[in-house]
Structures are given as structure tokens and as C-alpha cells.
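Note that the chains take the letters A, B, C and D in the order they are written out, and that residue 1 is the start of every chain.
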Amino acid sequence: MKQAIEVEDAIAPIHDGASVMFGGFMGVGTPLRLVDEIVRQQKRDLTIIGNDTARPGQAIGKLIDADCVRRVVTSHIGTNPVTQKKMIAGEIEVELVPQGTLAECIRAAGYGLGGVLTPTGLGTLAEDGKPTLELDGRIFLVERPIAADFALIFAHRADYNGNLDFTLTARNFNPLMAMAATTVIVEPQFFVPVGVLPPDGVAVPGLLVDTLVARDH
Amino acid sequence: MDATELIVKRVAQELRDGMLVNLGIGMPTQVANHVPPGMTVYFQSENGLIGMGARPPEGMEDPNLTDAGGAFITALPGAVAFDSAFSFGLIRGGHLDMTVLGGLQVDGHGHLANWMIPGKMVPGMGGAMDLVSGAKRVVVAMAHTNRGQPKIVRECALPLTSTRPVSLIVTELAVIEPTADGLVLKERAPGVSVEEVRAATAAELLAPADVPEMLAA
Amino acid sequence: MKQAIEVEDAIAPIHDGASVMFGGFMGVGTPLRLVDEIVRQQKRDLTIIGNDTARPGQAIGKLIDADCVRRVVTSHIGTNPVTQKKMIAGEIEVELVPQGTLAECIRAAGYGLGGVLTPTGLGTLAEDGKPTLELDGRIFLVERPIAADFALIFAHRADYNGNLDFTLTARNFNPLMAMAATTVIVEPQFFVPVGVLPPDGVAVPGLLVDTLVARDH
Amino acid sequence: MDATELIVKRVAQELRDGMLVNLGIGMPTQVANHVPPGMTVYFQSENGLIGMGARPPEGMEDPNLTDAGGAFITALPGAVAFDSAFSFGLIRGGHLDMTVLGGLQVDGHGHLANWMIPGKMVPGMGGAMDLVSGAKRVVVAMAHTNRGQPKIVRECALPLTSTRPVSLIVTELAVIEPTADGLVLKERAPGVSVEEVRAATAAELLAPADVPEMLAA
């Protein structure tokens, strides 16, 4: 059985300069208490990896506002003018990755694959000097796996062993990221006893989870 | 009928029973309001859902169920939720029958540019590169011109979304199909002449002797 | 809503020489009625793709017994001496693929990937003249996607729209194969009304399913 | 204590609390019977389950729940079921702490051959290549000799399972660790001398002045 720890202790091991993945899509499925605690602990120079940077003042948008971030790997910053402004001012570096490629590259890191072969981005700015591979007459872009030091996961339910389930559109990148980071920190919406989650409904086995964050008191 | 309504209704005629369809943000979203009666079309929300429904009743919103823009939605009976890798597997694996996207420019090769204006607007490609590279049919729904400047051009000046040509372009003036021979004018808006379409287009347009009027009932 | 059809009609379109994927692991999760019907209709020269060939007289082992098969793509034939005997006699061709690579290559076909980059099999007989790729100082085998004309799927439950769920170890290759074949034929253990399967519990959306086989009368 | 019991009990000493472990078919399976008291070890069945339990009560077997050999099992509370791609994602992505496999030969480089004898037995590699290439620790549990012939040899004559060296070899005579310098004799079976181990081994063995006896309580 795992112990749930306080949010301060869960975030404390994240060092300045760490790479951190965040589940979520426009803030939905993002571990919001973990984000707030990163801001409170004033982490610096983070590389953050996530679908988007939400909006100013919202979800991981707060990390941009609070100057926690040096680099962003993401598919979309169109809803966050602060990200765009800081990018243009050279204060943060933004690597834009097609959304499907981002998902596959994170999965590839977690699944031990050497990379992803995809036609997406070929002949566009997303190609950006990346290698290509011709296979049976078709050309593919070779995209690198995307791993991170930490994955910050929002789950619907966690049992005491750390088995996780997810719900509706709050699932998105969360289960993929739980495979792709050295340390996996989970903020579950609810805790349930072992045996409540049916084996077919668990998307992340507890042994992938390093830290469970206690519920908000 | 205003321009948007004309475009959206004409695009809706491309829907077929049983199709899986992804609608881009903005004007394309409105296509969902014009599904022909008796027809079942499955709409995919790329953040992880097939079977999204309208806004939920006031006070009954689920924060874990939104569209790709973060707005609350409902799920229809028979809806399916999935993670981002699966969502883009549907798109990239050729399982998506049609996508409808906005455009900044489309050129004589059928190449679409819709994700950035260098030095001015860099929202990121989000899922656009995956959609244009992977969907069975790519329909561009856009205004024919922008402040009087043609958006259908000989060669895109803006960065491409994909080197794969789109399937159809629908504007308030015309329906145009990119082919191996070039852009073919298939239909003109009610009361609009072939010459007027040509005048508003900066790419060569092939036109048969008789170009029928768009039907947008 | 889809119509369930009789098993004879479901199997009839499979032509001699077709490539057919079968879900299942040692017969568990294999659509047994579909297998029996292939034998009854005396299909010939099939390429079959599946984890193993079970045992003689069991699951897809019956296809080997009944001389339906010209070629097998699989990870393991150790439990089926008939497969081994016919392979040595030159009556059937066997392509052995590491199990994880088999799963990934089937997934790659369904997800629109160009191939799979893996260290598994490197420097072994499984390498067998396949291309390799060096990336950032590591060498990977480049394995091709594995697609098929037909996928024969065993599901736990299907709703009337063809949404599928799976249970326990009967899941295995089934959901992967449902993405990777031109025609997907499903033998569900149970039918349930639309809305019974929770959106988070569906592993295969109905729009991937071409044929639902009626329950045994 | 017979040879198998000695080997299996010694391998069990490699288990650590919280480990995810995959046991090969045959002798390795018996390691599960010797988990030290108070220790929690998660056993993965590669056909799609973590948390497999013993045989179910007579008459209560679930045909959808078996081990990789097709034998009925149970699932412990907190068990997790998944598809074959995820199962091998755990293995290939470095999430599997240990695998225990049988062997036909291991050579001086620590290379394992365990999946075929050309012209004689071609069961296929199943998951073995993935396991040896991907698990954090690979333990080979095998008899030291086969009909008097050493199975630990200078160079494998049989086709390799992987070019990645295994972590440890446990036989009824010795515990041997492949290192960059060669095979190191770490322990000898109770009452067996270093000379007896050398005599039964066809590869060079490095041995410290004092080689302790295996403890297999």
C-alpha cells in the first residue's frame, strides 16, 4: 500500500531546471493543486511539456505567468497571449509539436521505442532539420521520444495501491505521461479502497506511480 | 443568407451517414448544426471524445467533459472517451472520414496554410497537421478573401500545414476542388459569376463551360 | 444502429488468399464461432496473423488442421506441433515476430505510423535483413506496420452501435487489430443497448466495426 | 533439496518489495511460490494482467482469465488488465523490474539463447526477445548442463534471444554474473567446489579467492 503525502512534499523534489510533463487539455485533466504548489515554491527554469499552455491565470498558464518556465514543448499556445509574448521577447523557448506527434512521442518514451515514424509535419516547418526515413517508397519524419524527469498527473480515482482511472475528456495525455517520466506524481480527485476499481477500468497500474497526493483537507 | 451560413450549409452537404467527422474551431464548428435530418454523423472532439453533444443544463456541467476549446459539452448515449494517442490514432490512421478546417491560404497545389503568420501570430499547429495529413477528406471552410486580398493563391506565402493537398475548398463565393491538373471551380455561389470568382482568386481556376450554382438549402 | 448478421454471412466475404488477423492468446479472446465458420466454408491460402496458433484442434489451431492457411505471422508456435510439422514440410510459411513487436506493428498500421523503431530483435535472427536506423548513438530495428484485409475480433460486449468492451485476458490483441484491418468482423459475447457501456469503458468505437455477428441461437 | 527447488529458491532471493516481475513458462513460474513473507511482488502475465492469483475454485473458472499458457488463474484485488501493446510497453519501456527465464545456452558475453534449436525445435520467441531486451534485470534460471553437456559456453551456438547480456545466471551448481570482464562466479551450491563448477562450464569463469555458498532457505 502507498502513503498519500502532502502537496508541499510531493512538489519539493522538483528541482529548478527539471523537465515536467503535465496532463491536461486546456486545463481539463490538469492537476491544478500541483500547479499551484509549483508556483508557490517558485520553481525556476522548468521545461514543461503539455498539450497547450491553457489561458493566462489558468492551469499551466499560471506557470508561464509566474516565470517558472524556460522552455515549453507543446502543440498549441494560441489561447495564451502571455506565452506568445514571452516567446517573442525571448524569455521562454517554445517548441511546437503537432498534437498527434506529441502524444506518440510521449508514448514512445514510455514504451521503449526509438522514435516515431510519421508523415505529419513532413515538408513543413515542423520538419525543422529532423531526419527522414524512406521505407517502401514512402517518406516519414523521424520524431524523437519525449521523456521527462517528472509527470504530473490528474486522475479521476486512485486506489490505495496507486491504480488510476480517468474520466471523459480529463483523460487526454495523462495515462501516456504516467509511462514516460522518471517520477510520477498523481493528484487524484478521489481515493477508493483496493478492489473498487475493476481491473478492466484501470488505465495506469499503481506500480508506475511514485507519489500520491493527499486530498485537500 | 450571410457568408458564414452559406459556407457552413454547403459544407454540411458533404456529410454522409455514419461518418466520423472532426470540426475545427470557429466557423467549422457550426457545421454540426446542419446535419441533414435522419442522418447519423459522429463528431470527434480531438481532446478525447466521440459523441459530443450540446451544452449541458445550467448547474449540471462536468469539469471533466469539455470540447477542445475548454467549453462544457455533453456526451450522447453511445459516446466513447479515449486518450490523446488513440484520438490521433483515429485521425492519423485513416479512420476519420472528414475534417473541416479554417484556412489562411490555399494554393494552386491544394496546399493549406492555417497555423501561423510569421512574426505576427504563432498559435501552433495543434492537431491541424495531423488532420490534414491523416483524414480521408479535408474540407477547408473559409472566407474567399481577407480584407480584399485573395486567400486562394498560386503558392502559399505562409508556412504550410501539410504537403498533402486538401480535398475541397468552400467559400462564400465558390466550391473549388484541387486536382492533379490544378484547382477546378465546381460551383459558384448563387448570383455570383465565374468571372467574379476568378477576380477574387489569385490562383488559376479551371472551369467547365457550365458551372452550376451552390445549393445551400 | 448496426444490424447483426449470421455467422455464415459474416465470413462469406473473406476470399481465398486473404490476410486475416485473429484476436486471442492461446485461444482466449479468439472469436471461436468465426474460426469454425472459416473451416466450414473451406477458405484456402489465408495469411493469418495472431499471437500464436494455440493447440491442434483449438481456436486458430483448427485453421492449421483444416489446411486453410498458407502463411502465419505470429510470435509463438511452440504449443502447436501441427504448425511446426507443416512448416518443416514446407506446407505453410511461418514468420516469427517478437510478441511486443507484433503488437506494436499491428498498432502502427492502425495508427498511421510508418513503422516501429525497437531494439528488440537487433542482432538476432529476427533482424533478418530488415533496415536499421541509428538515432542519437543508438541503433534500432525498423519494423514494418502489419495490416490485414480482415480483423476477426472477440469482444465481451457490443452495443447496438458496435461500441466494444473487453474483459481481463481476453482483451490482448483485439483492440489493436480493430484499428488495423480494412474490414472488422466482431463476435461479441453479449449485446447490450446503447448507453449501457460507459464512455470510459469502450475500447473500440463502433465506427471501426464493419460487421457484428448475431448471437448463437 | 532437488535441483529445481534450489534454483527457484535462490532466484526468489532476488525479489524486492514492490517489484513488477515476469516469470517465464516452466521452472521460472515456481519462483512465485517463494516470495519472502511480508513482501509484495506484482507478477505480470504477458497476456495482459498484473496481479494474477492461484487457480480458481473448481466450477468458478472464467474462460476470459488465464495465464500465458492458457491455464485458468484468478485476479487478486487491485489487479489490472490491459491489451498486448500496453503489456509489452511495460516490458520494453523499462517498467518491468525483473524477468526470470529459462535458457538453452548462455555464453561468456552473457548472451542468452532460449528460443530455438535450428532444424529441431522452433517454438518462436514469444515475448522472450522483448523481455531480455527490455526488463531492468534478466535472471536466467536453468540446469547447469544438459545431458552432461555444459549450457554455459564460450559463444552461443544457438540463435541468440538478444545481444543484451543477462544480469544473472542461477543453476543448481552456481550463481554467475556476466560482467564487462567476463563471467564471474558469485556463489556455489552447498557442497559444490569451484572446481566442480568450472568442470561443468565451457566458458571461462572468473572467481574470487573465496566463493561463498548459495543460501536457499
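To be clear about the criterion, a contact is a pair of C-beta atoms (placed from the backbone, for glycine too) under 8 Å apart; a residue touches a chain by one contact, two chains touch by 3 or more.
All of these numbers come straight from a predicted model, not from anything done at the bench.
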Point to revise | Steps in the shortest chain-to-chain touch route ending at subunit D and beginning at subunit A | key: 1
Review point. Which chain pair shares more contacting C-beta pairs: C-D, or B-C?
Key: C-D
Study note, to complete from the structure: Whole-angstrom distance, CA centroid of subunit B to CA centroid of subunit D, is 55
Practice item. Indicate the whole-number Å distance between the mean C-alpha point of subunit C and the mean C-alpha point of subunit D. Key: 29
Review point. What is the distance in Å between the mean C-alpha positions of subunit B and subunit C?
Key: 35
Check your understanding: So, what's the distance in Å between the C-alpha centres of subunit C and subunit A?
Key -> 32
Review point. Going by the touch rule set out above, which residues of subunit D reach two or more other chains?
Key: 49, 75, 81-82, 85, 88-89, 91-92, 134
Exercise for review: List, in ascending order, every residue of subunit A touching at least 2 other chains.
Suggested key: 104, 107, 111-113, 118-119, 166-168, 171, 199-200
**Study point:** Every chain pair in contact, whichever chains are involved
**Key:** A-B, A-C, A-D, B-C, C-D
Practice item. Within their complex, state which residues of subunit C touch subunit B. Key: 107, 109-113, 159, 161, 163, 179, 194-195, 199-200, 202, 205-208
Study note, to complete from the structure: The subunit A residues in contact with subunit C across the complex are 104, 108, 111-119, 131, 133, 135-136, 138, 140, 142, 144, 165-168, 171, 199-201
Point to revise | Parts of subunit D lying in touch with subunit C, wherever the complex brings them together | key: 45-49, 62-70, 75, 81-85, 87-89, 91-92, 116, 122-130, 133-134, 159-164
Review point. How about subunit B: which of its residues touch subunit C in the complex?
Key: 18, 20, 42, 49-51, 75, 77-82, 85, 88-95, 134
Practice item. Sort out for me which residues of subunit A touch subunit B in the complex. Key: 25-29, 51-52, 54-55, 74-79, 84, 87, 94, 96, 98-104, 107, 118-126, 156, 166-176, 203
